[in-house]
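Quick one: structure below, then a few questions.
Should a chain be cited, it is by its letter among A, B and C, assigned in written order, with residues numbered from 1 in that chain.
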Amino acid sequence: MIYAENLKKEFKKTIKQPGLAGSFKSLFNPKTEKITAVDDISFHVAKGEVMGFIGPNGAGKSTVIKMLTGILTPTSGQCTINGQIPQKNRKQYVKEIGVVFGQRTQLWWDLPLTETYSVLKEIYEVPEDRFKKRMDFLNEVLDLQPFIKSPVRTLSLGQRMRADIAASLLHSPKVLFLDEPTIGLDVVVKDNIRKAIAKINAEEQTTVILTTHDLSDIELLCKRIVMIDKGRNVFDGNLHDLKAKFGQMRELCFEAKSVDGLLQKLDYKAHFRVTDDDVVVNNNGCSVNVRFNSDLIPVADMLGYTLSQVSVNDINVKDADIEEIIRRLYKQEVDVNA
Amino acid sequence: MRKFLRMYKPFTRAGMLDAMTYRFNFICFLLGEVLSCFIMYFVWVAVFNSSNSDTFMGFSMVDMTVFLFITFLTSYLTYSDGAYAVGEEIRDGSIAMRMIKPVSFDMTFLFQEIGNKIMVIILVFVPIIAGVEIYRYIATGAVMFNVVNFLLFLVSVIIAYLISFYFNVCYGFMAFFLKNLWGSNILKEVVISFLSGAKIPLAFMPPLMQSILTFLPFASLSYTPVMIYMGMYDTTAILWSLALQIFWLFAFWGGSKLIWNAATKRLCVQGG
Amino acid sequence: MFANLRRMMKMHRIFIAQDLKRMMEYKIDFLTGAFSFLLGQAINIIFLAIIFSQIPTLIGWTFEEIVFIYGFSLLPKALDHLFCDNLWRVGYFIVDKGDFDKYLTRPINPLFSVIVELFQVDALGELIVGLLLIGSTIGQVSIHWSVLNVILFLIVLPFATLIYTGVKTITAAIAFWTKRSGHITHMFYMVNDFAKYPTNIYNSFIKTVITYIIPFAFTAFYPASYFLTGENPWFNIGGTVVISVVLFTVAVFVWNKGVSAYESAGS
């Protein structure tokens, strides 16, 4: 379905020279430097698959999405989606895809939502009867009815995101690109949007590529994960493998009964003989938060040691978020370079 | 005084940096605007070619050219977009930042704009004055530059700028309360360009209209400094028109203070 | 092809209806703006009247003829302003902010997509003033409104409009390389003021520039002078058609080059 082969994208960036003389110089003789945003990325996504595309800020996720959607032309390498090359015959190609950029709307600011969909109906040449059926379906999945008459500028972020997703699905695309579709939304809205995406994927076999910073998005939606960093592919597999590769980070949270000598009593590093990378303790008064690598320190041992050292009111263990995995990834890079 | 200047220097610096950052845009805009001067120049050449007389209502071709370019220069120097800035800052609430600082609000706007004007002086003032004087020398064969008139012109332009500044501050408050910025801004530009004699020299108008318009504040914005530069006024007329300028400056300065007080009261009420 | 056109018209109608609705919402603001524009144009005409009070003709052109040329110059300007105003935004912020992305993910021409989004009702003032000025000269100037001339008038207008749109398209496309180009558009756009007066008042340098390089002279003076004098139809009318088509072809070429050089924003 989607093949990306050795994708590479370089940008030229003008270096600003300081001072009046400098800016005068750069007006006539601008100095540029080459920045490689994406470097040799390859992957394959099968039809009907939901792929999570993750990586730290500035890793090149958006650049890859923009190459896959035909907005940017790769410096070298190529991608084919459904047998088509996005940059060739762009107009034909984009009829088969839907794109949502979470950071900015693709809709017309002043147009009521109904009108927006009428315009898109013309743009994508959706026949009248199919359009009606499609709107009913999207209405049901994304619950657009409460705000369908309002102009886009008056919608809340969650409503806007639902409207944007509906807009991207109006022409029944075979592939859906979602760049941060849950950014800035509250938990309930996030959950609704995930359910909608899952439903559309299940009912229509839509292939979905999704970038996100939220590990729950990945856990609920993606069987497959591709992770990039500094423009390079660093991981390709499922969530379980990802956690295995970068360490199963967990978070232990508890409320100690007394703050006296709390941290002196809890010397995890010495007890388990691990480094700073594998255990991090933060506390705010009595409430303590310990992030640890459960590959090296079994959860049971962690609980046992903690309970033997301090008396606590409330204790629980949960999975650490994707940011933690990314942080660890960075650490690893640093170690490798050092 | 020294302390006063030190206090407001950062605002001037900010204004200058702003102008520096957008200097390329500024030059493009300038070139676009200066084109209209050249169009009018060619229109006047055609008018004088079509006429039997060497003067047009008392203006020679050289006078007309000087009028066009010095008017353009004066309107650039006295231009103030305080109206827009004040309106915007009240709307988005950032005017509060000016209110909590131990500086007076009008001075912060003023010094910020002065920073901008330094850029205008380098890019517009010097080339136009030099160009006009070279043109006058070539066209008449004599040095027409008059130091006294030039200095009086400078004084008059500075007063004109301050009138423009306080007029626009008043207007900005009014427009904000009227909630009608776009249309009324266009109206303001059109009315001022006519009443100030920038579009059509007041001398071309019927005598009654001419004397009314001379009294109104708008002539003080552009026509007065231009006439002084061109040496069209004698000593009495110069003193009289400078006095009138100072009168209008105080009028708008007082007006802006009154509206400012009313506006801050209203802001406090709105803020709860 | 025709089905395509019908789709686009349908789309365009939605935006036009929307912008007209917005105009009604901000009635007072719109009317103040329109009135100010009218006033500004009236002052320009008064200025011309003052000039003509002292001279019989301006190098052979009467007051009414100059008013006709002036009024004619407003029509293509208004039409471009009405339908293609969104091109300004390309150079001012659409490219700079990376908002151009969305036009590339749609299966229609991005240039058309940008243009169709905005119907600039402010331009109606220009259109009305232009028509009023031309109307006021009926009977005062020697134009023979034969069927042929009316047809030529209607044909030449869209081509003259295309000159405005072409200049704006080329200068807006510069933003694809430099991120921002609104000020460059402004600089070139201002040259249109030269078209309000007979071209023979300018020196040969300016005349060449506004005829062949930034061909605004074809938006007003050349076609208008054909209607006033009946002279040189091939140059005055034919030239407008040829020059505008050439310019717009170049504009589309530059635009397309720019789109492929477009680098979006951020990472």
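The working rule: a residue touches a chain if its C-beta (ideal position, glycine included) is under 8 Å from a C-beta of that chain, and two chains touch if they have at least 3 such contacts.
Note that this is a predicted model, so its numbers are computed, not measured.
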| item | value |
| --- | --- |
| Of all other chains, the one whose Cα centre sits farthest from chain A | B |
| Closest chain to the centre of mass proxy, which here is the mean CA position | C |
| For chain B paired with chain C, centre-to-centre distance based on mean C-alpha positions, whole Å | 30 |
| Centre distance in Å when chain A and chain C are each reduced to the mean of their C-alpha atoms | 45 |
| CA centroid of chain A to CA centroid of chain B, Å | 53 |
| Set of chain B residues in contact with two or more other chains | 24 |
| Residues of chain C touching at least two other chains | none |
| Touching residues (chain side chain B, partner chain C) in the complex | 24-26, 28-29, 31-33, 35-36, 38-39, 42-43, 45-47, 49-51, 53, 56-57, 180-184, 186-187, 189-191, 193-194, 199-200, 204 |
| Chain A-touching residues of chain C, taken from the complex the two chains share | 7-8, 10-11, 14-15, 18, 22, 98-99, 101-102, 104-109, 117, 260, 262-264, 266-267 |
| Contact footprint of chain C on chain A as seen in their complex | 11, 37, 57-63, 66, 69-73, 90-92, 94-95, 97, 99, 101, 104, 106, 108, 110-111, 115, 118-119, 122-125 |
| For the chain C and chain B complex, residues of the former touching the latter | 28-33, 35-37, 39-40, 43-44, 46-47, 50-51, 54-59, 180, 182-184, 186-191, 193-194, 196-198, 201-203, 206 |
